[in-house]
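Same chain, two partners: chain A is paired with chain B first, then with chain C.
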Partner chain A sequence: MTEKKEYRGSIHQRQKDLMLAWYAQLDQAANTGNPPTVTMMVSGNCVELLEGFGAIPIYPEVNALQLAIRHQSLDPILAAEELGYAADNCAYVKADIGCILKGITPTDGKLPTPTLILCNFVGCNTYLKWFEHLAKLQNAPLYVIDVPFMRADHPTRFDVEYVVKQLQETVKKLEQLTGRKFDHDRFRQAVDCSRRSEELWSQIKHLARRTPSPFDAYFDAITLMGPLYVYRARPEGVEFFEAALAELQAKSDAGHGVYEKEHFRLVMEGPPPYPYFRTFRDMFAKWQACAVASTYSTVGGLWEFGFRHDPDHPFESVAMHMIEQNVTNRSLLQRYEQLRRYVEEWNADGLVIHFVKSCRLFSAGQGDMRDYFTKQLGVPTLYIESDLEDPRYFGEAQTRTRIDAFFESLEHAKATASVRVGA
Partner chain B sequence: MPFIERTFDKCADLQFPLVREWKQAHPGAKAVAYFPVYSPVELIHASGMLPVGLSGAGDRLDIQHADARFGSFICSIVKTTLELGLTGHLEPFDGFLFSSICDSARNLCFVMKRNFPGMYVDFLHLPHNPSSPAAAQFLAEEYRRVLAELERLSGSKVSDDALRRSITLYNRNRALIRELYQLRTRDPQQAPTWELYRLIRAGNFMPVEEHTAMLEAALPEFRARGAKKRDSIRIVVEGSFCEQPPIALIRLIEEAGCYIVDDDFAIGQSWFESDVPTGGDPILALAASYLDRAVYSSVRHDFRKPRWDGLVEKVRRTQADAVLFLIAKFCEPAYFDYVPYKQEVERAGVPHLQLEFEEKSFTFDHLRTEVETFVESLVFD
Partner chain C sequence: MRIAAGVDVGSTQTKAVIMSDNGGVNILARSLVDTGANVQRAAERAFDQCCEQAALHASDVGFVVGTGYGRYKIAFGNTQMTEITCHAKGAAFLCPGTRTVIDMGGQDSKAISVGTSGEVIDFVMNDKCAAGTGRFLANSAEVMGISLDEIGPLSLQAKYPVRIATVCTVFVESDILSYLAQGKTAEDILGGVHLAIAKRTLSLARRLNIEPEITMTGGVARNIGMVRALEEVLGRKVQVSPDAQFIGAVGAALFALEKLDQSFESGIWRGDHAVTGGH
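This part shows the complex of A and B:
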C-alpha cells in the first residue's frame, strides 16, 4: 500500500464524538420527547431554522450511508423490496424504509418519531416521494418547502420571496407542533455560526489547491461533512472547523500531502459507493491519486465560491442557500461549470464521473457531461457505474480494471509530455 | 373510425407532417414542443405558436447515440427524446418546454439546452407545495417569465384577451375529453380505449380548434354505436402518465378481457377537473387551477390530499373491479407510487396487477398471459 497515512489528526475522533453526541440526543428525544426533532434532507437543509426552536435534525440519508459503510444495507433494502419497492428505486430510500420496518438504527440507540417531517425539496424529486412515504409509515406530520429549481443563472426575486414565505409558514407550523415560541435571536445567532463555519470550511477546501493537497477532497471531505450538516449553526460546529483548518493548515505548511508523493490530482463527480468505500478508496490510493475537489462535498452547500449565510438577512440567506447555493438544486450545466472551475482552478489532471444507479439527480445525463469534458474541453475523463447504497451493483474487478487503465493512460500522457518538454 | 386512424398515423410519423403542414400554412409561425406531463399550452397558443405534446418516439426510432449520454437505468422516453434531436428529427420545432416532473426529465432539459443551442429550451418549475398561500402568486410569476420568453420567440406581445380566448378553446377541448371519458366509464363497449386513446392523443399534434372539431364529430359516433357488452372485467389503468405504452399493448389488454374504464395515458390533456375560469387575470387563473383544479398524478405533489386517496376514489367512482399498474421501465415516480397505491387499493379490497413496458416494446406474449391469468382469477373467483 502506497498510501502514507489516511488523514486523521484529531479531526477524525472529534467528528466521531460530535456525531455520537447527536445520535445520543436523538435517542434522548425518542425516550423523553425532548428535544423536538425534524426530519430533513441533507442537501439545502435549513438547520438554522431548527435552532430557533432548540430542535435537532434527523437526516435519513446519513443513517442510510452509515449502514452501507458498515456493510449492513442489504437486509433493509430487501425488506423494502418485499413491500413492493422496485429494484430500480433509490436504495437510500429502501434502506431507510427497511430500517424503520425492522427497527434498525445506526448506533443501536433509538431514533425518535419526528415532530415534523420537513421535505426541504431541493431538486431531488425522490425526496418528495420518500418523505411522503415516511409520513405515512411513521404517522408524522409533513410539510414540503417547495424550492424553485435553478433554471437560469440566478434565482428571481419571486423565487426568493416564495421560499421565505414558506420558511415563515414552517415556523408557524413548528410553533404549533412544539408548543414553543420561535426564538428570533437564537435563529440569528445560528445563522451567524453558519457563516463562520462556512468561512472555515471554504478555507479548508481552498487548501486543496496547493500541491500537494493536505487532504483528499472526496474521501476525507466526507468525514467533515457530518458536522457540517448537523452542527454548522452551533458553536460546537465553529470550534470543530477551527480545529480542522488549523490542523490541515499546519500539515500543508509542513509540505505534507495525502501520499508520499501526490502523483495525480483528480476532480470527483457523484456520490461514492458507500458499501465498498474502503475498497474504492484503495483503488485510487494505489496510484497515489488525490481528489482535490468534488461535487458531492457541495451537496449540503456550495461555499468555496463565496456564499455565506447572513445574520443581517437571516430568512433571505437561508432561502438563497436552499435555492442557489447547493449542488442538487442547480442545473446540470451549472454543475459542468462548477467542475470546469475545479479542473482549472484546483489544477487537476482529470475528472472521475461515478454514475450511481440510485440517484438520477446526480447521474442522468452524466454521459453528456463526459462528452463535454472530453470532446469540448479535452479533459481526461473516467466514467464508472455502481451504487451508493446497494452492494449488489459494485463490480470490483471491472471497476479496478477501468481505474487502472485510466491511470496508465494518464501516466503515459504525462511521460510523453515530459519527453516533449525535455526535447 | 377511419378519420381517427388517418390522423393518428400522421401523429406517429417522426417527420411530424402535421407540424410541417401547419407551419407551411402559417408562414413565419413557430412550433413549441413540450415534454410530458402537463404544460400550460394556452401560453404557447396565445402567442400564435403551435404547442406540440411530444411523448418520446415510440417504437419508431433506434437509439444509437442517446444511450451513451444517459447511461443505464434511465427510462426510454428520455433517451428517445434526445435521440430525436441528435438525429435531426426536431428540425420543425423552435422551442421545447420541460417541467419539474422527475430528475431524469429535468436533467434532459439541460442536456437539450447544451446540444441544441439554436432552440429555445426552458424549464418550468411547477410547485410542489399547493398548501402555501404564496404558491399561486409564485406560479403566476413563473408563467409570466415563460410567456415573456415565448413572446420573444414569436416576436409579438400577448394580450390578456388573447389568453382568455386560448383558455376558452382549451376548456372546450378538455370538457369534450371529460365527456368522452364519462361515456367510456358508463359504456366501455361503445368506446374502446385503444381507439379513444388515439383520438385524444392526436390533440398533441394538432391545432386545438381542429382537434376540438374532431372530438365533436367523434362523440355522437361513439354514442350511436350498438356494441354488445362482453364479459370483461372493469379496470383502472394507473402509471402510464409520461412514457406511453404501445397501442398494441393497450389493445391486447382489452382483448384479454378488460374494459379500461379510466386511465392516466396522456393525462396532461385532461389535467383539470373543471373549466379554468376566464374572468379576471388569466395567468393567475391558470396558476390557481394548477393548484386547486388539477387531477391527482404521480408527478404532482399535494400533501393536503394523498394521491392514493385519489386512486381509491377513482376506482369507486368508475365501479372498477381491479387496478392495472402499467409502469414504464425505470420510471421512478411510478415505481415509488406503486407502494402506497398498492397498500391502499388492497385496504379497499380491490385486486391489482403490475406490468412493466417500454415505448419500444414489440412482443407482448408474456404480458398477454399475465393479463389473461389475472382476468380468469377474477372471473372464476
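This part shows the complex of A and C:
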C-alpha cells in the first residue's frame, strides 16, 4: 500500500483548537446570550460585518459536514424526511433541519438560537427556503440579502450599490437586535484582517503550483477552510494563516510533497463525499494523486486570482466579495474558466468532477463541463457521482472502479508520452 | 512459451481465460461460473476449470490479472486492473479496429472510447441504477415467464414494439403486466423492452464521441435482440465477438502476458502502479 504523507503539521492542531474555541463560544452564547450570533451561508459570507458588533457566525453547512464526516448524518436526514422533506432535497438542508428537530450538535456543547438569520444567499436559491424554515423552527428573525447573480464578466455599479444598501440595512437591523452600536473602526479593522488572511491564503494556494505540491489543495485545503470562514476577519485568523504559510513553505522548500513521489496532479470540482471522506481520499492516495487546485476551496471566497477585501472601501469590497468573488455566485462559463486556469497554470494531469446527487443547482451543468474539458480542451476528466452529506448515495465499488480506471488510463497516457518523448 | 490468465469476477458471472504467447497470442481455454455469494470461491472455481480444460497445472500459469468488481478478492491473482481497462484491451484484440466499446453486464453498463493500441481514452458508466443493464432484461424475462436465452430472438419478431416509458428495473414489471393485460404479444413487449434499453445505452454512450468500429461486450452481447436494437438506435453496425462474454478476462490475460514479457514491461505499459493497494 502506498505510504500516505498527510499534512499533519502543527497547523492541523491549531485549526482544531480554533474550531473548538468557536464552538465553545457558540455554547457560551447558547447559555448566556453573549456574544450575539448570526446564521449565515458560508459562500459569500460577510463575517467582517459581524465583527462590527462583536458577533460570531453560525454556519449550518459546517455543522452538517462535521456530522457527515463522523458518520452521523443519516439520523438527522431521516428525521427531516419523516417530517416530509423529499428524497432529492439538499442533504445539507435535511441534516441541518434534522439536527434542530433532534437537538443534535457537532460537539457536546449547545448551539444558540441565532440573534439573526441572515440569508446572504449567493447562487444557491435553496437557501431562501432553508433559512425560512430555520427562522420558523428556531423562532428567530430572518433578513434576506438579495445578491444579484453574475450575469456578465463583472458586476455593474448598480449591483454593488444594491448590495451595499442591503448591508447597511443589515447593520441597522443588527443594531436593533443586539442593542449594540455598530463599531465602524472595528469593521474596518476586520476588513483589513481579511485582506491579510486572504493574501496569506492565496500564497498558500499558489504553493501548490510547485512540483511536488506541499499539500493537497482539496483534502488538506478543507482542513484550512474552517478558520477561513470563521476567523479570517480576526487577528487569530491572520496568525493562523501566517503559521500555515510558513510551515507549508518550509515543507515545499525542503522538496517534500504529499506523497513519496507525486505521481498525478489533479484539479477537483465539487465538494467531497463527507460521509466517506477517508475512503474517498484513500482511493486517490493509492495512486499518489495530489489535488493541486479545487473549486470547492473557493466556495467561501476566490482569492488566488487577486481579489482582496479593502479597508478603504469596506462596504463595497464586502459587496464585491459577495457578488463576484465566490464560486457559487459565478456563472457556469466563469467556473469553466476558473477550472481551465487551474489545469493550465497549476500544471494538472486531469480533472475530477464530483457530482452531488442532492445538489441540483451546482451539479446540473457538470455534464456539459465534462464535455467541454474532454472534447474541446482534451483534458482527461473523471466524472463520479455520490453526495456530500447523504451516505446512501455512495457506491464504494463503483466509485473505486471509476477512479482506478481513470488512473490506469492516465498511467498509460503518461507512459506512452514518455516513450514518445524519449524516442 | 508464456502462459498467463485473466479472471473477471462480475456481479453475476465469473469468467476465466488462459492465454499463451509463442510468437502468436492464443486463447487456450475459457470457463464460466455463477459468481454467487462466495466471490473468492467463484474465482478459484473458474480458474481451476480453465486450467483443467487447458490441461495445465496452476503453477504453469506465469501471471494472473484479476478484474471485475470482485478483483480484489482473487487471492491467487498477481495484480488487479479495472474491467474498463480490460474490456478496451480485450475488445481491441478480438475485434481489431474497435474505437468504441459498449459493455452491458449484469448490473452496470459502460461506454468506452478506445485508442489504437487498445487503451482507454475516455469512459462513462451508468449511475447507481440498474436501468440499461442485464438485470433489466432478466426482470423482464422473469415477469413474462420466458427464459433469458429466448427473449432476444423473440424480440426480433416484434411487429409493433410497445413503448416502455420507465427506465426503472423494478417498475418495468408493472409496465409489462399492464401490456400483457391489454393483450399485447410477447414479441411486441420484448421488442419494446430491448429498444428501451438500447435508447438508454445510447444516451450514455453519446457522452463520448461514438466512433466506429463499435464493439459490444459483456454477457448481454449474447442477446441477438439487444445487438440489433443497439444497431437500430446507433444507425451503425455493432461488432460482437463469439467471446464477447469473456472479453474482460481476455483483456486481463493480455495484460498478464505483457507482465511476463520483461522487454514489453519496460516499454509501453508500466502498469506496476496498479499492482499495489489490494483491498
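Heads up, the rule we're going with is that the second predicted complex is superposed on the first by the 420 of 423 C-alpha atoms of A that agree within 3 Å, B and C clash if a C-alpha of one lies under 4 Å from a C-alpha of the other, contacts with A are read in each partner's own complex, and residues count from 1 in each chain.
FYI, contacts are C-beta pairs under 8 Å (C-beta built on N, C-alpha and C of every residue); 3 or more make two chains touch, one makes a residue touch a chain.
Computed from a prediction, not measured in an experiment: that's the story for all the values here.
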Worksheet item: Should the superposition on chain A be reported as showing a clash between chain B and chain C, or a fit?
Response: fit
Discussion item. Quick check on the superposed pair: does A:Gln176 touch chain B, chain C, both, or neither? Answer first, second, both or neither.
Written reply: neither
Practice prompt. Considering only touches as defined above, state whether A:Ala135 meets chain B (first), chain C (second), both or neither.
Written response: first
Worksheet item: What is the contact status of A:Ser10 with respect to chain B (first) and chain C (second): first, second, both, or neither?
Response: neither
Worksheet item: In the superposed arrangement, which partner chain does A:Asn34 touch: chain B (first), chain C (second), both, or neither?
Response: neither
Worksheet item: Which holds for A:Asp404: it touches chain B only (first), chain C only (second), both, or neither?
Response: second
Worksheet item: So, does A:Gly367 touch the first partner chain B, the second partner chain C, both, or neither?
Response: both
Item to complete: Please indicate which partner A:Lys375 is in contact with in the superposed arrangement: first for chain B, second for chain C, both, or neither.
Response: second
Worksheet entry | Partner contacting more residues of chain A (chain B vs chain C) | B
Worksheet, complete the sentence: After fitting on chain A, the minimum C-alpha spacing between chain B and chain C in angstrom comes out at 5
Worksheet item: Residue overlap on chain A between the chain B contact set and the chain C contact set?
Response: 367, 371, 385
Practice prompt. Could you please specify the touching residues of chain B with respect to chain A in the complex?
Written response: 67-74, 78, 100-104, 106-108, 110-111, 113-115, 122-125, 127-129, 131-135, 137-138, 141-142, 145, 301, 303, 306, 330, 332-333, 335-340, 342-343
Response to the item:
Residue positions on chain A within touch of chain C in the complex are 1-2, 263, 286-287, 367, 370-371, 374-375, 380-381, 383, 385, 393, 395, 397-398, 400-402, 404-405, 407-409, 411-413, 415-416, 419
Worksheet item: Can you name the residues of chain C that touch chain A in the complex?
Response: 69, 81-85, 108, 117, 119-125, 127-128, 207, 209, 267-271, 273-274, 276-279
Worksheet item: Contact residues on chain A for chain B in the complex?
Response: 83-86, 88-90, 93, 121, 123-126, 128-130, 132-133, 135-136, 142-146, 148-149, 151, 156, 158-159, 161-162, 165-166, 169, 331-333, 336, 355, 357, 359-361, 363-368, 371-372, 385
